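In what follows, structures are represented as structure tokens.
Here come two complexes built around subunit A, the first alongside subunit B, the second alongside subunit C.
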Partner chain A sequence: MTPPVTVHGGRREDPGPSTAARRRTASRRKGRRSGRRTMPYVLLVPALAVLLAALGYPLFRQAVMSFQEYGLAQQFGQPPEWVGVDNYTRLLSDSYLWTVIARSIAFCLLVAATTMVIGTALAVLMTVVSRGVRLALQISLLLAWAMPHLASLTVWQWLFDAQYGIVNWLLTSIGLDGFAGHSWLIEPLSFFIVAGVVVVWMSVPFVAFAVYAGLMQVPVELEEAAAIDGASARARFRLITVPLVKPVLLIVGLLQIIWDLKVFTQIFVLQDAGGVTRETNLIGTYIYRLGLGEGQFGLAAAASWFVLLITVGLSLYYVRVLIRDDEELTR
Partner chain B sequence: MTTRHPDSSVLDTGGTRPAAATRHTDDATWTTQRPALRARKTAAGRRRRMWNALAVVLALIWAFPVYWMVNSSFLPFNRIRNPDPTFIPLGGTLSAYERVFDSDFLASLRTSLMVTLITVAAALLFAFLAALALSRFRFRGRRTFVLAVLVIQMIPAEGLFISQFKLLEGWQLLNSVVGLSLLYIAAVVPFTIWMLRGFVAGVPRDLEEAALVDGCSRAQAFFRITFPLLAPGLVASGVYAFLQAWNEFTLALVIMTRPENMTLPLWLRTFTDANRASDWAGIMAGSALIAIPVIVFFLFVQNRMTSGLVSGAVKG
Partner chain C sequence: MRTTRILLTGLATAALALSACGGDDGGDTDSTDEAQAAAGDDTSGDDGEDAQAPEPAEIRLWLNGGDTPDTMRDWLIEAFEEQNPGSTLVIEEQQWEGLVDRLTTSLGSASETPDVVEIGNTQAPTFTTVGAFSDLTDMLGDLGGDDLLQGFVDAGSVDGQTYAVPLYAGSKYVFYRKDLFAESGLEVPATMEEFVDAAVTLKQDNDDMQNFSGFWFPGQDWRNGVTFLWDSGGELAVQEGDEWHGALSTPESIEGLERAQQLFTEASGAPKDGNEADPQVPFCAGEVGMLSAPGWVRWSIDNEEIGCPEMMENVGVFAMPGSDGEPAPVLLGGSNIAISANSQNQELARSLVELILSDDFQAQYAENGLTPAKMSLADGLGDDEFATASIEAVTNAKLTPAAANWAVVEGSRVLEDLFVAIANGGDVEQLAADADASITEQLD
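Moving on to the complex of A and B:
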């Protein structure tokens, strides 16, 4: 990247005889120059201040707290005690944390994979159907995408309601009588099936639209040229479409993994609606219940840092790709 | 390919364009195989009808929960608490909506509106200034700032809320609109900067300079030339901030602990928990009231949202 350059950077003042007038213009020019130099910083101040206050400081505070004994006693005024890496060792030796992490990763990978497969399939489907059908499909995907998370979670609870839910009605009316009055959220496995269905339903539209946009960027000439050269439809898809859409797939897939790893609202609300908390906790709800539920802020802070490191580690690739784009943009 | 054009390598000599030769032989094969082609065409038509049918089914599945929400919200008690579901709300009632308005809905609506407005206004202003700095100036620390903006987006909100709660507690800002808005602004500003920066960089500087030459002041040049060109970007990022603040649940849950300070998502959760056993119509009416403004908004600006998201976040 080029070194910082200001408009007047590097130009020397003419060291001529210094009359009063000359000095005045010189100082004015200098003033404007330093204005030019400080201007970007002044523009950044508001955004920077908010970010430092609401993200930077909590991040720092959290780091400090993770090395302290910070429980309910400290909440009521007792000075926190430094305990070194105690919180971390306690967490890492707790098998429950590992259960939660393993559960979260399994849930995340399954849901992200399902979302990617369905989303990509829908995107490809959009390219082969006629225009009216495509529009209908796009509108219904947009409806699902636009629904506020809490509203859609509430609707899904109603769909899966034990007594009057349409899902149980549908299943019993096709002959599965076991589902009459079946309560979906009590069993951990069926709890996660419901949670997974809700998350997939919400996330597929973004994937479908992003991949569809990527598919539309594949130049028609390339496809035509390959067709003329006798490549079959399948070969064209594999040799032309897939390589060109791959970057989009990679980034969208990574975003899905990041988002599904930190899924909180869906699990939390469904636990409220009747799930067994201990058997259905994922990382987000675990930290919430540890900190705000049990008042173990030190432990919760340590767990948060742990999750942060996992997520940032996962996202490094994404950041690298975006930075590369950025340099192309500003070159 | 080699089976269809066995002679193409032979033709590839001297000045002969192999592509032209290929196309020629290709045409020849096609004309001799007309009936086969027609058969293939009807097969393709059949396949297309099949895909269309599949797409329609999938569209219905995806839209169904939204339809079911609206449908259920119009049903009277005896129809909704019936083992056989009602699929079309003929002879429906608005009483569920009355029950919603009799609850704390309006108070929560006011809180949500205030938080959302403050967030949108502040985030747009701050992000716009920062975007200006990033795309119009080169300065020490620029690269670091861009990097920080990106990395911040990776931070899981769920990993921070413990200390954000402690922070606002220390400042006596728990249960306050200002406190919650502060956290929301910080949450949306990075992506807003990212989005707006592209738009600011897209306005050519020469345009502004031409206006300066023509005798505009710097401020005039900015407000008459640059600002109107930025309007679409501002709208897109404003909508983004609106959706985030309107829909957010986790931070609101942590910060707004008192029932009189609930935002709409929190209200919906409490209302659902209170009426789960008795009043699904009311719950669906509440969900619809929260969702429908957002859906209308979203459909209205969806083109810009998708292209903004795709070019901003998933540019391959």
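Moving on to the complex of A and C:
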């Protein structure tokens, strides 16, 4: 997350003689001009070093491996064989990769959008309810957020269990007999609905809290003034609140997209519980099964590059909007 | 300015969340890795110093699932620590599900690897062929020599060298409800035909129970499903010259898969896409007439906490019959034991393997209903119903194809997918042809 901050910090130093505060900053700056220019870079060093160590080496290994025939034998010490772009051509000519990618993007966008809508709605709700209700809401959200994924997945799995699950029991007891013994995971569409519900449930608390924090910063006076001028609640939300918390919404939205694209645990666990693996693989589980499941590490490394590319592609739009907004603000 | 502050707050929150998420992810990917990593840290301090003489160290043994009961584990720890003063033995239980993945990641690392591992007999070739295990050929005579189960020694050997030795054997056999058999006027089936008929009859006679299974057969359970394939003369894959091909769409295989489909649709009430874990749950709920499972399921049923001991008086067992009246060709179950080539404590690990294959320890497997690694100890199984079924089931058992890449097929879950689709009423011939194409490519 470092780059946007730097961009932002840099922009703030543009001369802005219109306010007293800006003038003071400008005069302070003159005295330490040279120090100011190197300091940000010095401060960046620790973050960059950690990034390099934590991401650089794996990325390098992954890049190298993707050009090798790297299997189980290599994992235990045999020298790998260079195969050029074989892994890439094999993947690109396999229509299954494209199916998985399309499936992942669709799943990611739908789930991220749902999470944002529900999370924002809960955040707005928190600003209008009484203190006691808000506290109860916040505690329940925190509990959902703090629950370890595997633990909550076990519970979800039992909720949707075909024979002993409470969901089917409820549906049959209100007269929908078709749901007796109904398997929720066997059809890909309903598998992804269940997976989507689980993922949304796990990520809504983060969105709700982040947006709520943003909403607390919206000045009450603005709202009041607009209300006095006769703006409806909906108009106030659309024209005042949303523009003011837009940066938060954008960043949280970006994070949701990244997380939902690399969703793994939920799909992996549900596939074990039921469903057809080949029809429900997303990028994460696909790469896992290629690499760890089938021991084709070279191929899996090549496939991983596609995830990176798609993540960057999807996030690029958001980052651009973020930077543009930022420039507009400081102009 | 206010918006700017919101933006900064947002970024800070995001950064926090990102780092939280990063930490989280490591655990998500594989929960057991954390435990392994933690345990690995313990031993890493001792590593390196004891390359020559067996200096005291902590030895980590991976045992899988519930096959080796707690009493045996306690005995092993006590005996090992007595024989090797100062050393400790830590037994870490692993789930069968995902075991190959975990072994792949752990065995490759000198600091993370367990010292001694249990591995399914059909999984052993995956690791013996790539040099993940230490050579045990020189110990073979001391460990039991010709007395060891030969099929398992073969499974653990490559090019005349043995890297994994037998631990125990035990194939699945059928558990049935004597009272339900009596109500439906059924006898213990003597042929495959009779078995299928009995399963369908049981289902029809107990149709008032919603999820009732004449034969409990969850969709993912290809390890039971393969019995029907083999019984009708089919194969999973066959070798022609140097190449392996999927053989699921041969007429013989199709016949077996259709029989499996008949059982799925007419006799089973298990989830069409479920897995075979915890068979005692539906059994204890009274929803199962017959199920095919490893011998230890007896102890799951006869267990106050997770089972229903009061049901035991109605439980009978038999080896699944084949079409020819002999025991059906079931998947030969069981485990091998091996030493990680990356283990820093080879001497101690070898003494642990010796202890595990000692008559004292192996005899306890027999007492617990599993076929011990040494044939001379098989008498210990006794002669009750369970022992008879267990011994009979092994007589005609078969292994998965001996292709070097077979683990790739299992890792991709193509067989789980195939049987789920068959259970769901799919077109058997089409599904088998598709699965063959995948398998042929994977074995290539």
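Please note the rule applied: the second predicted complex is superposed on the first by the 247 of 331 C-alpha atoms of A that agree within 3 Å, B and C clash if a C-alpha of one lies under 4 Å from a C-alpha of the other, contacts with A are read in each partner's own complex, and residues count from 1 in each chain.
Keep this in mind: contacts are C-beta pairs under 8 Å (C-beta built on N, C-alpha and C of every residue); 3 or more make two chains touch, one makes a residue touch a chain.
From a predicted model like this one, the values you see are computed outputs, not experimental measurements.
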Touching A:Trp169 in the superposition: subunit B (first), subunit C (second), both, neither?
-> first
Give one of first, second, both or neither to describe whether A:Gly295 is in contact with subunit B, with subunit C, with both, or with none.
-> second
With the two structures laid over each other on chain A, which partner does A:Ala213 touch: subunit B (first), subunit C (second), both, or neither?
-> both
May I ask you to decide whether A:Val155 touches subunit B, subunit C, both, or neither, giving the answer as first, second, both or neither?
-> first
After superposition on the shared chain, which partner residues are touched by A:Trp305: those of subunit B (first), subunit C (second), both, or neither?
-> first
On the superposed three-chain arrangement, identify whether subunit B or subunit C touches more subunit A residues.
-> B
First, second, both or neither for A:Leu72, with subunit B first and subunit C second = second
Have a look at where A:Pro46 lands relative to subunit B and subunit C in the superposition and call it first, second, both or neither.
-> first
Between subunit B (first) and subunit C (second), which, if any, makes contact with A:Ile251: first, second, both or neither?
-> both
Between subunit B (first) and subunit C (second), which, if any, makes contact with A:Asp272: first, second, both or neither?
-> both
Which subunit A residues lie in the overlap of the subunit B contact set and the subunit C contact set?
-> 1, 4-5, 148-150, 161, 164, 206, 209-210, 213-214, 245, 247-248, 251-252, 255, 264-265, 272-273, 288, 292, 326, 329
So, in the complex, the side of subunit A touching subunit C is made of residues 1, 4-5, 8, 71-73, 75-78, 148-150, 161-164, 180-181, 183, 185-186, 206, 209-210, 213-214, 217, 219, 244-245, 247-248, 251-252, 255, 259, 264-265, 271-279, 288-289, 292-296, 326, 329
Contacting residues of subunit B [partner subunit A, same complex] = 1, 4-5, 19, 22-23, 26, 48, 51-52, 54-56, 58-60, 62-63, 65-66, 68-69, 72, 80-85, 122, 125-127, 129-130, 132-140, 142-143, 145-148, 150-152, 154-167, 182-183, 185-187, 189-190, 193, 198, 201, 246-247, 249-250, 253-254, 264-265, 268-269, 272-273, 276, 280, 283-284, 286-288, 290-291, 294-295, 297-299, 302, 306-307, 309-310, 313-316
What residues of subunit C sit close enough to touch subunit A in their complex?
-> 2-11, 13-15, 17-18, 21, 24, 27-29, 31, 97, 100-101, 104-105, 107-108, 126-127, 129-132, 210-211, 219-220, 269, 271-275, 281-282, 341, 407-408, 411-414, 416-417, 420-421, 424, 442
Please give the residue numbers of subunit A that touch subunit B in the complex, ascending.
-> 1-2, 4-6, 36-37, 39-41, 43-44, 46-48, 50-51, 53-55, 57-59, 61-62, 65, 122, 125-126, 128-130, 133-134, 136-137, 139-152, 154-159, 161, 164, 166, 169, 201, 204-206, 209-210, 213-214, 228-231, 245-248, 250-252, 255, 258, 261-262, 264-265, 268-269, 272-273, 283-284, 287-288, 291-292, 297, 300-301, 304-305, 307-308, 311-312, 315, 318-319, 322-323, 325-326, 329-330
